[in-house]
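The following pair of complexes shares a single chain, subunit A, combined with subunit B in the former and subunit C in the latter.
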Partner chain A sequence: MISFYFGRLMEIFPFFLKGLWMTSKIAFISLVTCTLIGFILGIFRSSDSTILKRVVGVYVAFVRGTPFVVQIFIVFFILPEWGIQLDAFTAALLAMAIMGSAFICEIVAGGINSIPRGQWEAATSSGLNGIQKLRLVIIPQAMKVILPPLVGQYVLLIKDTSVVSVIGIMELTRVGWVTVVRIPEGLMVFTLVGFLYFIISYPLILLSNYLEKRMAA
Partner chain B sequence: MLVDFNFRVILEYLPLFLTGLRSTFFIAVVSIILALITGIIACSCRISGIKIIKYPAIAYIEIVRSTPLLVQIYFLYFGLPTLGLRIPEIQTGILALMLNSGAYIAEIIRAGINSVDEGQIEAGVSSGLNYVQRMRLIILPQALGVTVPPLLGQNIVLVKDSALLSLISVMELTRCGQTMTSERFMPAEAFLTVAFFYMCIYFCLKALADWSQRKLIFREAY
Partner chain C sequence: MIEFKNVNKWFDKLHVLNDINLKIPKGEVLVICGPSGSGKSTLIRCINRLEKIQQGQIIVNDTPVHDKSTNLTKLRAEIGFVFQQFHLYPHMTVLQNVMLAPVNVKKLPKAKAEKIALEKLEQVGLTEKSAAYPAQLSGGQQQRVAIARGLVMSPEIMLFDEPTSALDPEMIGEVLDVMVNLVSEGMTMCVVTHEMGFAKKVADRVLFMDEGKIVEIGNPTDFFDNPQTDRAAEFISKILTH
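== the complex of A and B ==
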């Protein structure tokens, strides 16, 4: 019986590859947007302006305090009530961007805050303006602190793309969920799904471990 | 927007939300205790020199860390019945949370143990302490200070992760929001209330984590 189901599973394997492609697409787009927004917010959060700090702080607390699945429901069900029409794919990307950028913001702010005050003062006395100070002096040094947890966060974000299956996006987890209804071999189907996730995220975990060792040295 | 926010319906559904809150609380407490036990066992296997128990522990930790929790939940939910095991959804959910958090806790404890300086262990050896004594008297007391803050952080993650159990129809906080949405079609009221309750839990746990961090830094300084 198991070999029969295994054969059927192999027949619909292209379907899984489609799901993997969708997962990779969502993961890639959201990693890029999260990193961009996260860095900007992180710079705000570590700035001297109290108002900016507070506003970003509230945003981060809201995102960190609620489960991602609830955030997806809020984006997907509530925004249309307020007159903003979204299709599922855009809603998923928006929810990912909101969630991921808050976590990356904290990592970036932590990195920038780890740079001693003297570096800022030295940069100021060298006649650099605000953006130059960040770009040429602070960020390059902070990257050493930022990079290992950032890659770790990427792994978490890739894994969190599985949650967008709840609004019906045909990514890897959803494909597994649809398949298991027709091929009642839960262990086999979700081992395959898990294996495909493993292929994407395990190299990144190894990279994160490697960076951690290298940056600490 | 928020003008027609219907507080009356929220009030009407409040008993349901409180049951959900209690259920989330119950799931979180039971899973964190079980996860702690799993984590301690997995970590002891991971750092032991015996290959037969070391490699399975590594495999367990790495597999859990590189697959999504949702896939693990579905794996157990759809997989256990094919093995002939029919257990209630809530137990499947707790099992999934336990295995998931257990792997992360194992890594947290391992990082704590590794943070203890090599010289301390050598000093223990030259004082004539055996392995168990070294662990109990030198390494674990020092590792505890490094371990407790991230453990409390893992607690916060676990509470948020328990929201995924709503997808296998465990009646917890998020599921209550879904129920209210399908009965009244008021997603704004439902999910913002759910978010509010999660925020309350988050702030309590965050305060606890910050407090423990302050306490432990204080102890380190003196």
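== the complex of A and C ==
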């Protein structure tokens, strides 16, 4: 019985590795773009400009208030109606970037807002310009507040990549679905899928816990 | 050197600066006092545009501070500002705190900026603390670093916003000593403080504010011994007995 299972496992495993590779690729590209866009939006959101604040606020509220599946459908099925045709992979990355950047924006804005007003004023009085103030004084201090939840958000984003399976991308979850229709060992298949997600998420969970402790000190 | 012309400022409905007219000549030491909420901090915060004004003009060295076209970087480099709560950058060492503006605003080479920064730290008596972080220093030491951070840009004007109010009594002296030394160098200084000893010793004039207005301005001896208004007399008796 066990050897039978093992044989099946060996048979399907290469297929799963391909799925894992696709998941990792989407996750990695998304984390980078979400972080970049999220930081820029977060800086806008915590700025003095009422217009920037409001615009980003509306964006964040919309993204946080709608399911990710719906957002993917809009990007993949509705945008083409307005003449923006995207292949599934690009659509998945775009949807991830939109969703993830909104969450990271809130984390970054929270971190920046936690820095006392006096730090801004001291930097202003020294003649630093806006970008220098952020780069040299505010962001380095805010990172203490930003990093632990940011890494936690990375874990969530990695798991959210499973949702892009709905537009046909052969990532880990989709591989699971496709396999399970062909072989009867459903439990084994999805245990394996879960295990592979866990392998990439768990180091980040540990990192987040570590950062939380270190930053609190 | 610094001139206020009919300056008005409101925080919502609160008239925090009410028609301020004031000339501070080069090299003058002006002490500003008054009850809390009288607008004295706001007054000096307008000089380097930490606060905006709604009416009137402030001119520093022929530069209208609140004009849109004013080069604020250049202006702020000429004005050092010392805060009540120090506001040192906690993630940087003492030396990095002091070097930050020369390197990033004046674009001096690191070696040169470090040399100047160390000179200023020596001036406030903290050379040996240059590698320490602000959290490792006492309040008095932190405030002296903050003064060095202001001096490092070689400003012509130093503004002090209650520099000793957040300090334990035994640390006030060391900060005031540093400030007295600055006076002897001919620095133009505006100091919001209730340290009457300091005012009597070094101030050229004392300005008394209440409810956003300049109530009295004059030399310290006259002001303390012979105040012209009841409001000032009441205030002086309160801070002397406290």
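One rule holds in what follows: the second predicted complex is superposed on the first by the 211 of 217 C-alpha atoms of A that agree within 3 Å, B and C clash if a C-alpha of one lies under 4 Å from a C-alpha of the other, contacts with A are read in each partner's own complex, and residues count from 1 in each chain.
We take it that contacts are C-beta pairs under 8 Å (C-beta built on N, C-alpha and C of every residue); 3 or more make two chains touch, one makes a residue touch a chain.
What you are looking at is a predicted structure, and each value in this text was computed from that prediction instead of being measured.
In the three-chain model built by superposing on subunit A, subunit B fits alongside subunit C with no clash. Contacts of A:136 after superposition on the shared chain: subunit C is touched, whereas subunit B is not.
The superposition-derived angle at subunit A (between subunit B and subunit C) is 100°, Cα centres, a multiple of 10.
After overlaying the two complexes on the shared chain, residue contacts for A:7 are found with neither subunit B nor subunit C. In the superposition on chain A, A:202 makes contact with subunit B only, while subunit C stays out of contact range. Comparing subunit B with subunit C, more residues of subunit A are touched by B. Within the superposed three-chain model, A:128 lies in touch with subunit C and out of touch with subunit B [touch as defined at top].
Superposing the two structures on chain A brings subunit B to within 25 Å of subunit C, judged by their nearest Cα atoms.
When the two complexes are laid over each other on chain A, subunit A has no residue in contact with both subunit B and subunit C.
Of all the residues in subunit A, the ones that touch subunit C in their complex are 116, 118-119, 121-129, 132, 136-137, 140-141. On the side of subunit B, the complex with subunit A involves touching residues 1, 62-63, 65-72, 74-75, 77-83, 156, 160-164, 166-167, 174, 177-178, 181, 187-188, 191-192, 194-195, 198-199, 202-203, 206. The touching residues of subunit C, when paired with subunit A in their complex, are 48, 50, 72-74, 76-77, 79-81, 83, 85, 87-91, 100-101, 104-105, 146, 149-150, 153. Partner subunit B is touched in their complex by these residues of subunit A: 61-62, 64-71, 73-74, 77-78, 81-82, 155, 159-163, 165-166, 172-173, 176-177, 180, 184-187, 189-191, 193-194, 197-198, 201-202, 205.
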